[in-house]
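Below are two complexes that have chain A in common, paired first with chain B and then with chain C.
Entry: the complex of A and B
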């Protein structure tokens, strides 16, 4: 019984960060209409920002969160303005190739700069655990979960309650009409892509504490975020949270109950994508 | 066409030329270039239907492992065919699940597929896992140049497939599918079947290429055979050379593999950065690749 409860808690805690990365990706896909294969690389940059600030200036990751969000918002805005905007009217194949190229370039630039080693931001509270009635879990994952929930709440509030948020959703629904109503479509795209990158960056800072910073750390999260938004329906932000919980729980159960499950966890996201797509295909035909 | 002929002739006589002490290195690099160009031609076939495949590295790896494992029992050529067949079968399953949907679903699924194949090969016992798998040379090592000429043969097969398909009825079906699925469907093109058939042909060629690669390197590891590098090479070469053409990937392969060989010697592991940059810059500034430069010049002469 305890094992089951522990597994459930592990899954739920992991779902927070998944939902954070995936809702950023859902913004890019849903609002800008770009399948961004470089999304995880924004997390990778966030992780390295956190690492460099911690090692270079002794800045605590909790403070780096804000800085990384700012840095990644700018990186995202520049990426949108310089690279994505020119291909918005190009065939889908070219758009996807472009973001894939950005992903490969960023990963390997990081490899040249930092090498393939994994670097951990080891804070004093890294190993701290919280014990509640026989169930114990790490303090950092719990903090990351709480923070993710808070940020997602803020994101939903922004999209659901503010005028700017309405504008973002309007652009997501129709490419042309919002322009006629006086909404600056280009600026909304810029905002959405910047936000998308900032969310990924924040998740990256969390990863630098809970996991590590390395050139390839983001790539796994790109794949998992894709699995989540494929389950939710591409660009559907509402479905992201339940989909993230499903994926995280599935992974937690495989890792606890499947013998030698450690390695198979890495295959769960593919099974999720495959099942979701097959189901969609069947419904279509 | 002419370039393809010249290249073929050069490839056939290359081992006979007096190359001096660079002979082994040159032949090895040439063999690698032929295989990667073949893979690029295979990728380009599918791109003609407007689909982005990030799984060609995985088909290459599947072909390599299947050929390597079946070669001792079956002999070289049947083993290569087994490699191609395994890749085709996996493409059929992947395609059935995804090719009915929008293109972005397909791209995502192929990327996930190539990642998961590496995980499976790492975990499985019979593939040697992370330790790797030693492979017998082609024809049991009876002919020193056997592997080299197999690579030439595979490149010829891929080139012929690319040429024949651009002359066939399927070519028009593929182009119509790429330019607008709804319109193609109205015109009576069985869009899903066209995409699926092309995907299977493309995967078969990629698997075949992988098998010959296995017999060239004599040792397979999941990180090498299923690395993202192969998938990246397979798509950067046709885009750089010129999409939807036969000459483009051949030309691109020659240039890019030369560049890669040089870069590997200079900067080692991070050489893929160049691929990323070439990809981004080509899409932004030369979306039709090198071939568009020639086409423009030809057009200017006519005017």
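Entry: the complex of A and C
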């Protein structure tokens, strides 16, 4: 029974960071309508911002969260304005090739600047443990989960309760009509893409605490984020948390209960994508 | 008239010196964007400085980046051979890259001085190549050294080993043999694969709790070091020793509290107390204003020095004459004595170091300290460790 509970907790906590990465991606897909393959590289930049501030100025990664979000918002806004905006009317394949190119370019810039080595920050709380009865879990994953839920709650509130949020949702639903009502579509896109990158940056800071900073740190999480948004339905922000929990629980159960399951973890998200797409096609037919 | 004679004699003297000096161009093919590759290059350059300062041999280096990837390494080697026209290549740090280079090396036939590439797959790939000098121990030497350490841990009361191995070629090659050898020593072993870089170990570590391992032994990459150290504590596994076997450790890991008491294996540390090691540390610090923990630095240094000796003895830039002299080289190094013999399996003819160069270390108070074997230990192993 303890093992089952521990597995459930492990899965749910892992879902926090997954949801954080995936919600940014869902925002880019849902509002701007672009599949951003460079989303993981925004997380990588966040991880390096955290690492550099820690090494250069001794700033704790938790304090870097806000700065990393701001930096990534600016990076996202510049990327949108300079690169994404010109291809918005282009075929989807062109858009995907562009974001794939941005991903490769950002990874290689990081390689040139920092090399291929793995770098770690050092905080007093990285190994901190919370114990409840016979169950124990890490404080950083728990904090990442709480942060993720909080940020996503704030995002839902913003989208559901504010005029700007209404405008974002309007643009997500129809690209032309909001313009007729005086909503600046391009500014909404810029805001959404910037927010998407900022969320990735925050996830990157958490990754620097829980894992490491390296040019490739974002890649694995991009793949998982794609599985999550496919499961949630492309652009469906409300489906992100349940989908992230489903994926993380599936991974935790496979790891714990399938012999040699640790090696199968990465296959789980492919299975999730396969099942979600097949089931959706079957339901529509 | 006198002046003319002096000048003439000086010119003749310099010409004589030039004639006595043998110049060789050497290609260096390393992943210079990685810490290990950069350290190796620094070591090679330091050794070349020393050789060139001797005056009898002049080594000119042509450095190219192998990108730590076969796709970059093969064209880089081709450039060295066809554009730069070198006859000697120092390189081959990563096994996967070196394996991919085996075909092109045989095509162009350079004298290939291999700095790393421990995998037996590489040994097999170069088994029919006579100009292959492998300095680094092979993987079976690494296993032998680690097993010797595990034997001492068994004698100290350890009985159960949990092995976490990454499921790629690096981690899973020979895992069954390894498991068997540990069982032969008397250990109860549970082995679990994982996906390197996933950062997700809590589930596997949770399952291992019921096994109650004395030693948590992980075989993976630098990206796995911190998550394993953190999540071991987070799930309350409480092994008596965490022992890691990555090719390199993450930058800054030693400053992280989670590294404390984590053990591993390396071929050299700056604190190694032999004359050549101390000399290397002094020279390295003088040239680079720092010292490195990366054993690839002294490995590069040793390769350059041994090559210098061979060129001097050959008194020629001909690669076969140099190879013949290199095969006879005997020298003291920061790792201990170096001489070339056929590899233990007999597949390659020129094997430099073996398991005797490996030492076990433990992260203690922010640095790596040698703890085994006893004759090279700077302090005793802290067992059980505090995780």
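FYI, the second predicted complex is superposed on the first by the 283 of 285 C-alpha atoms of A that agree within 3 Å, B and C clash if a C-alpha of one lies under 4 Å from a C-alpha of the other, contacts with A are read in each partner's own complex, and residues count from 1 in each chain.
Everything that follows uses one rule, which is that a residue touches a chain if its C-beta (ideal position, glycine included) is under 8 Å from a C-beta of that chain, and two chains touch if they have at least 3 such contacts.
Just so it is clear, the model here is predicted, and its values are computed rather than measured.
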Looking at the overlay, what does A:138 touch: chain B (first), chain C (second), both, or neither?
second
Going by the contact rule set out at the top, does A:164 touch chain B (first), chain C (second), both, or neither?
neither
Contact-wise, after the overlay, does A:263 reach chain B, chain C, both or neither (first, second, both, neither)?
both
So, A:177: does it touch chain B (first), chain C (second), both, or neither?
neither
Would you sort A:74 into first (chain B), second (chain C), both or neither based on which partner it touches?
neither
Could you tell me if A:154 is touching chain B, chain C, both of them or neither one (first, second, both, neither)?
neither
Between chain B (first) and chain C (second), which does A:111 come into contact with in this model arrangement: first, second, both, or neither?
both
Have a look at where A:4 lands relative to chain B and chain C in the superposition and call it first, second, both or neither.
neither
Where on chain A do the contacts from chain B and from chain C line up?
111-112, 116, 260, 263, 266
Residue set of chain A touching chain B in the complex reads 29, 35, 37, 83, 86-87, 90-94, 96-98, 100-109, 111-112, 116, 223, 226-227, 230, 234, 260, 263-264, 266-267, 269-270, 273-274, 277-278, 280-281, 284-285
Touching residues of chain A toward chain C in the complex: what are they?
3, 6-7, 10-11, 13-14, 55, 111-112, 115-122, 124, 126-127, 129, 131, 136-141, 207, 210-212, 214, 216-217, 220, 251-253, 255-256, 260-263, 265-266
Which of the residues in chain C end up touching chain A in this complex?
31, 33-35, 38, 68, 164, 167, 192-195, 197-204, 206-207, 210, 221-223, 225-227, 229-231, 233-236, 248, 250-253, 255-258
Of all residues in chain B, those that touch chain A in their complex
47, 50-52, 54, 96-98, 100-105, 107-109, 111-113, 115-116, 119-120, 122-123, 178, 228, 232, 235-236, 239, 267, 269-273, 275-280, 283-284, 287
